[in-house]
Amino acid sequence: MQTHILSWLIWLPVAGIVAMMFVPRERKDIIKVIAAVATGLQTWVAVILLLNYDSSLGTFQFLEKMDWIPAFHIHYSLGVDGLSLPMVLLTPLLSFLAVFVSWNIDRATKGYFALFLLLDTGMIGVFLALDFFLFYVFWEVMLLPMYFLIGMWGGPQREYAAIKFFLYTLVGSVLMLVAMLALYFTCGQTFDFITLSQTAPEQLQGVTWWGLSAIRVIWVLLFIGFAIKVPIFPLHTWLPLAHVEAPTAISVILAGILLKMGLYGMLRINYGFLPEAVWWFAGTLAVLGLINVIWGALCALAQKDLKKLVAYSSINHMGYALLGMAAVVAAGAMQGENVQAAQAGLAGAVFQMFNHGTISAMLFILVGVVYDRAHHREIEGFGGLAKPMPIYAGVTMVAFFAGLGLPGMSGFVSEFLSFVGAFPVFKVIVILSTLGILLNAAYFLRAYLKIFFGPLNEKYATIPEINGRELFTVVPLAVITIGLGVFPHLFLNLVKNTIDVVITQVVQLGNLF
Amino acid sequence: MTHSLSIYLLVAAILFGLGVYAIMTRRNAIAILMGVELVLNAANLNFVAFARFGGMNSSGHVFALFVIVLAAAEAAVALAIIINLYHNLHTINVEEASTLKQ
Amino acid sequence: MDNLQSLTYFAPEWGLIATVVVVLLVDLIRNRRDDRQVGTWFVAGLIVTALLLLGNTPDHTLSLFRDAVAWDPFSHFFKEIVLLSSLFVAVVVLNSRELDGYPLGEFYMLLGIMILGMFWMVTSIDLLMAYLAIEIVSLTSFVLAGYLKRSRRSNESALKYVIYGAFSSGLMLFGFSYLFGLTGTTKFHAVAAALRNLDPSAYGAVVVASILILAGFGYKISAVPFHFWTPDVYEGAPTAVTAYLSVAPKAAGFALIIRFFHDVLAVPTGEGLAWSSIGNLPWPQLLAILSVVTMTLGNLVALRQTSVKRMLAYSSIAHAGYMLMALPVLSQDGVFAILLYLVMYLLMNLGAFFVVIVVENRIASEQFEDYRGLGWKMPYLGVLMTLFMFSLTGLPPTAGFIGKFYLFAAVIKAGSAYYWLALVGVINSVISLYYYLRVVKMMYLKGDPQETLEGAGRFYRSVLTLLALPTLLLGLYWAPVAEWVRQSLLLFKP
Amino acid sequence: MNIFIQYGLAIYLLPLAAFLIQIFWGRRLPRKGDWVSIGAVLLTLVLSTAMLASLLLDLNPDFHQEASFTWLDLGRFQIRVGFLMDTVTVIMLFVVALISSASHIFSIKYMEGDPAYSRYYAYLSLFTFSMNGIVLSNNLLLLYVSWELVGLSSYLLIGFWYEKPSAALAGMKAFLTNRVGDIGFFIGILLMFTATGSFLYRDMFAGVAAGTIAGTTLTLAGIGLFMGAVGKSSQVPLHIWLPDAMEGPTPVSALMHAATMVAAGVFMMVRFFPILTPDALLVVAYIGGITALFASLIAITQTDIKKVLAYSTVSQLGYMILAVGTGAYVAAFFHLVTHAVFKSNLFYGSGSVIHAMHHGLERTHRHDLDPQDMRNMGGLKAKLPLTYWSMVASTLAIAGIPFFSGFLSKDQILAGTLAFAEHHPVHFLLPVFGFGAALITAFYMTRLIFLTFHQEPRHPEVFAQIQRAPFEMALPLTILGTGSLYVFYTLPSVNPFGGEGWFQRLVEARDSLAGGPAADWMAEQMHHAHLPTMILSIAVALAGLVLGWLMYGSRRISAEALARRFPRLHDLSYHKFYVDELYAKLLYDPLLKLADFVGWLDWDWYDKKIIDGFGRWTTRIARWVGTADYDGLDQGLVDGVGRTLRAVGGGMQRLQTGRIQNYILLATAGVIIILLSQVF
């Protein structure tokens, strides 16, 4: 049965943009309401999707396929499986919340929300596309609104940050374009994800270009493209800058969704089409994960700007996911076919993607709350805020402890699974990365101490408490974080069968040498 | 026969070289135009020589005729532009016409 | 086919000639105060020509005038491109203030003759015909570039154009003469046949000849190192003319270059449309390198421009470089990609130049600095300019991306030997982002959103919309254009 | 579901419910909701008492109930979690419930009027919940989770008075120090899981028994797990957080930092004893022994009453760990129980003293004086008689005087070390640590009692204002003070020296699965060592008492003179052997410096110099070539690659001179270059 629920998800924000066009730009209230309604409806559709999703299957569901450009075998092809479902749920939710986070945007409101909705479409499209070309188009579509959103509504260095973001990601995506075309022509002229995952591993077998394995060349091209988005050291320097300069809502989206696209792309495309190279690259991936963990944590520890701290914590958190992803090789014969570990690692990575989405979103929203009031983010510039803002302090504590991986919160489960999965294969690397557990706690607690504890900074004696709108944007995320921390199976049941599909792909097709 | 052809070709090549040299070195716009004429006529010489010695049909001659006509037209247009330049700049030194750059 | 018979296939050309004559007559007898009258006649004539052209759509290939001119879908496509861009430019000139105070009658007449020249350029399959056509186009464009007689800049640009043009065509002609000498004929196919049987010892002369010829062609499409005239002429010429020069003659040049390199310097191999170079001469590699140099230079120098118009001039060099990428692969896909790119390029490049015209009309400047806050002052224009800029960069979902996509696809399809070319190409697109984005940055990120300025006016709004809509829509659905291009891939073969 | 498991579930969830109610609605409830938490904890006390009673009825040491469910199921990867109910669990649950109840009740008065009263009770409930998790867990995962949650509640409660920078800092220090240990713990878990494929203790033990994990790996896993205990039970070298943790409210110190939370490490080691290899045990023993002696040495010179008790706790925990290491792990658990009672009582006593002092100081407006400093006290016996007698009982217990509970358990531990040393003479230091610590413990506790309660009050005006402890404080003091008597641990036996009784019958030593000592053999050895140990330990304890009396009671020996005589030693002890300072120098500062450096490296160097400055270098080269335009560098362009490209573009742009003949020259040059390239 052909349903168009996925198309609804993609095009609802566009409908919002169209509706906005008929509103004069002075009517900011109406524009905001339209944005809220569009993303709200989208969230609602996503929930319907969740309710109808059959988690006992690991394959794509709700498939939609239409010819787009038949001559080039390009299709408008959508589908959702366990890898994308979490992000498909998270994207509308965060977008919806971000609308409220940006409720106070006064400058060129119409443009802001129109671009925001366009961004929304691009993001969800990336997760739903089952056609490489479509995927690429959505991938790029996000860049433009992101550029404007950072560049026009950002902080003092916004132009620099915006262009840096744009250039960085464009470098990655054009490499991806080349890889995509190379795949297309070497693997039976198709962009279809499902077909490619079958043909690519066979057709590329043994092909060499300039003495290099074609699989590895394509892998590296794609990997760079995705690594920039994740971001993986040493391609990460756009991130702190973009985060610091972007308006709060955009930081939320950036950290919550955009970073996940890199990992999603790797799992979907690198792992799906080039399983053989997974074996070759897993070690590097784990090392990069380790570097991300330690480097991100150390940088976060050194920050004086709270938002930058949170930004670096993103780098740190992505490292855990990379470790988990690398763990998939545990399922190989050389590691004693430790499917357990592969499942744990991959589940950890996917879960971490989702969790970082909720947790970092929370963190950024909270940073925004205090920034709106104090107009600065210097960690040293506060002190004793727990007194005037007890609720804010409490919520922030939840977010910080979620960030440092406290058990009972979802972040712990995903980090734990990643470690458990990666440990049998990468013992030393994992042992070194456990240092991250300590450093995580160190930078979060240190920041918390300086901001909320100690004698009250008299400047902020009358700082207003977090208001209802702001609470509304954080509480759902906190509930999800704690809920999934206690009942992670709610999440993992959705993805586990797809994880098995990925593992099967990697093991059966990849371990040929 | 080939021997005499190569003489023509050599002369043409020399003409061509002289023409290019003139275009590159003369400051006077008119002189540059003359350089262009040299280049064109070098080609003409080639055409005619090939047609004559190559035992080919008359298309070489025809080509040369057309080139002569076009060269005249080109000269007319170029002169018009140079006159115009003179009106504006009171010089026909091409060195002076270098405000559009970089 | 003999000359008399051939004339029946010449309907569009007749239409053009009639248009020119009508314009001439109207210009003589019209009311001196009303320049627009001529323009209206001219546009009407172009429309008639277009109808004639559409009525004359070839479904097979023929050669006319004793193998001097081809009548094939390939040339038909280019005629359509030329005519389309001419229509846009003619209409815009009608409403531009740039040419205020100059007689429009002659302008349109010259334009008409230039179109005729381009028609012949894209159809010629004879060295002589090609030379004549190129010269016709050149001579008229010299005059058009210098049309602002009282403007020193326009003057200077015309002078440079004429000297550079004459020089290049001289080189080309000299190359032609060698080619003629080597083969004893001027017909493309006869030349090709003769070259195929040529003694390899004469390949050296072939190389010299083809490089000299390349200089002439390269000048037309402004490929490095024959591009030097481009920025200066583009800057000095009236913007409408610049816009036109950046599209129509370039397209015609590509038509000629494609035809020449595929018909003369390459032989078809296997089934379908694929070629290999004659005697395995390494000119495809040479073209690949020229393409890389062209796009890189165009992009890098464009980075440093302070004038939007001049930036667009360099960008047009870069785009020529992108298109050249698809030549060395010598495949049908390559030709297809170039043709498709030309369509997209026409839309976005004309659009960008027209925005420059509007801005020039409004604030009398084409400097980056003066674009500050323009997106707020003229919202509609800003959005369209942004679209054109992103399209020129090649970001989806715009026409520019589709064009680039096919180019890269053609290159990559040719196998791993040209992957490096594709890589250089994509990296160049990243570089180009920087300067295109500078326009956007100036328009939106700088300046005060509160300011307003009088809008572009209904006329320009509609013209720009006509260009912008397809620029966006073709990025989403380009199958019809692709089909159109696919049907135009048929080149005349004897 | 078994009734015990149901009880366990109730005990587990009741405090959680109380926590949730308190944190969200506490402030709006009557009495700020303290009754919710107190009610919950009293219920757990009732339930655990019932369980203990039922165990006492049939005295079956093999009592064992387990229930688990699948928490996560990814196909082949599964995590099962659940509860384990055996005699150890039940006893521990009872101890936790008892001390926790006492703490809840004590706090009613102690925390009266605090603006965050309900938050305080919420945290207490959270702690009880987490602690019960540790006790009930039958698997490493729930253990680790609860372990961390205990850390969280400790963080929250230590930093409860967050306006005080030292308190906030102490909370963070506690959490981070614990995390250091947790890294080892975590690695231990990873090693265990990787080898046995399960988190359940059952499977772990089976794996060790079957040899799935053995040798160095097992030793490492054991040491890893032990590192968790080192952190939580504040062993050297991670002992630094516990004394600072005294910044928290005193009932919290009594509950967590004396009796339960810090005992969690010992509890874990007791649980895991069978899988610890002899090598791992040796590490455990030495760490414990060193801690016992080391901390007691520091306690001698401390003047803050709570600090003395804190170091005493560290020392006693060292005892327990030492016992585990020497194989006498039942003795360790026994000491854990007795210590929980008397040490928490000592804390409540000190709390009572501090409370009284605090109010006294308030009334006399002597804000310059520290209510916790023993040098400001003296003679309090007269004002706080109940507190005094209760504390004396507990002091005698901790000193190891017969007829008090501490004697029984300490005696067993010392017997264990002696027995161990008999068989491994190389490790003769272990009993030395033990007996040495016993001597010093007796000494500094005597010192504490004398300084606080005897002699003349140092500040009579404050003294005059001191009031006796209110009922809510007196109740716990009475109960727990009584609990320091030996007889509660030996029933139905009343032999004050034998140690056998319900406890010994309920908790039986199990054989090591990893090559450690067998239970029977160990029991026999300890039996042999019993008599000499008893004599020696009584002697040592008495010596300590007498010495303390001499120095602080009768003042025959002047403490000040001694301190002057051995200034180095005094300073070392007074400054806690400078461990904090050492760590600051060797660890924190370098780490922060490293972080700053990496941060700089990342932001100012890598990004600005390499990514951005990629351009600067190429520009320089380009300028050297003489074509590039240097001005371009500083203008606007910020991105480095961009800067490079712009510079290169500038070089190329230079070609565009505006002179037509240059163009032609260049074009010709181009043609020639192309020609040449084709020729060659």
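Going in written order, the chains are labelled A, B, C and D, and every chain counts its residues from 1.
To be clear about the criterion, a contact is a pair of C-beta atoms (placed from the backbone, for glycine too) under 8 Å apart; a residue touches a chain by one contact, two chains touch by 3 or more.
Keep in mind it's a predicted model, so treat the numbers as computed, not measured.
Peer 1: Per the definition at the top, count C-beta pairs in contact and tell me whether C-D or B-C has more.
Peer 2: Greater number of contacting C-beta pairs: B-C.
Peer 1: Relative to subunit C, which chain has the most distant C-alpha mean position?
Peer 2: Chain centre farthest from subunit C's centre: D.
Peer 1: Which chain is most central here if centres come from C-alpha coordinates alone?
Peer 2: A
Peer 1: In whole angstrom, what separates the CA-based centres of subunit C and subunit D?
Peer 2: 78
Peer 1: With chain centres taken as the means of their Cα atoms, state the distance from subunit B to subunit C in Å.
Peer 2: Computed value for the inter-centroid distance: 26 Å.
Peer 1: So, what's the distance in Å between the C-alpha centres of subunit C and subunit A?
Peer 2: The answer is 43 Å.
Peer 1: Can you work out the whole-Å distance between the CA centroids of subunit A and subunit B?
Peer 2: The mean C-alpha positions of subunit A and subunit B differ by 65 Å.
Peer 1: Among all residues of subunit B, which ones touch two or more of the remaining chains?
Peer 2: In subunit B, residues 20, 23, 32, 94, 97-102 touch at least two other chains, as defined above.
Peer 1: I need the residues of subunit A touching at least two other chains; which ones are they?
Peer 2: Within subunit A, residues 163, 167 contact more than one other chain.
Peer 1: Name the residues of subunit C that each touch 2 or more other chains.
Peer 2: 159-160, 163, 167, 171, 231-232, 304, 434, in rising order.
Peer 1: What are all the touching pairs of chains?
Peer 2: Result for touching pairs of chains: A-C, A-D, B-C, B-D, C-D.
Peer 1: In their complex, what parts of subunit C are in touch with subunit D?
Peer 2: It is residues 159-160, 163-164, 167-168, 171, 204, 207-208, 211-212, 214-215, 224-226, 228-229, 231-232, 282-283, 286, 290, 297, 299-304, 431, 434 of subunit C that touch subunit D.
Peer 1: Help me check something: in the complex, which residues belonging to subunit A touch subunit D?
Peer 2: Listed in rising order, the residues of subunit A that touch subunit D are 160, 163-164, 167, 234, 237, 240-241, 295, 298-299, 301-303, 339-341, 343-344, 347, 384, 386-387, 394, 401, 406-408, 412-413, 416, 419-420, 423-424, 430-431, 434-435, 437-438, 441-442, 445-446, 449, 452-456, 488-489, 492-493, 496, 499-500.
Peer 1: Considering only the defined contacts, which subunit A positions touch subunit C in the complex?
Peer 2: 68-72, 107-108, 136-137, 140-141, 143-144, 147-148, 151-152, 158-159, 162-163, 166-167, 170-171, 174-175, 177-178, 181-182, 184-185, 209-210, 214
Peer 1: Any idea which subunit B residues touch subunit D in the complex?
Peer 2: Where subunit B meets subunit D, its residues are 20, 23-25, 32, 94-95, 97-102.
Peer 1: Provide the residue numbers of subunit D that touch subunit C in the complex, in ascending order.
Peer 2: Listed in rising order, the residues are 632, 639, 642, 645-646, 648-650, 652-653, 655-656, 658, 660, 662-664, 666-667, 669-671, 673-675, 677-679.
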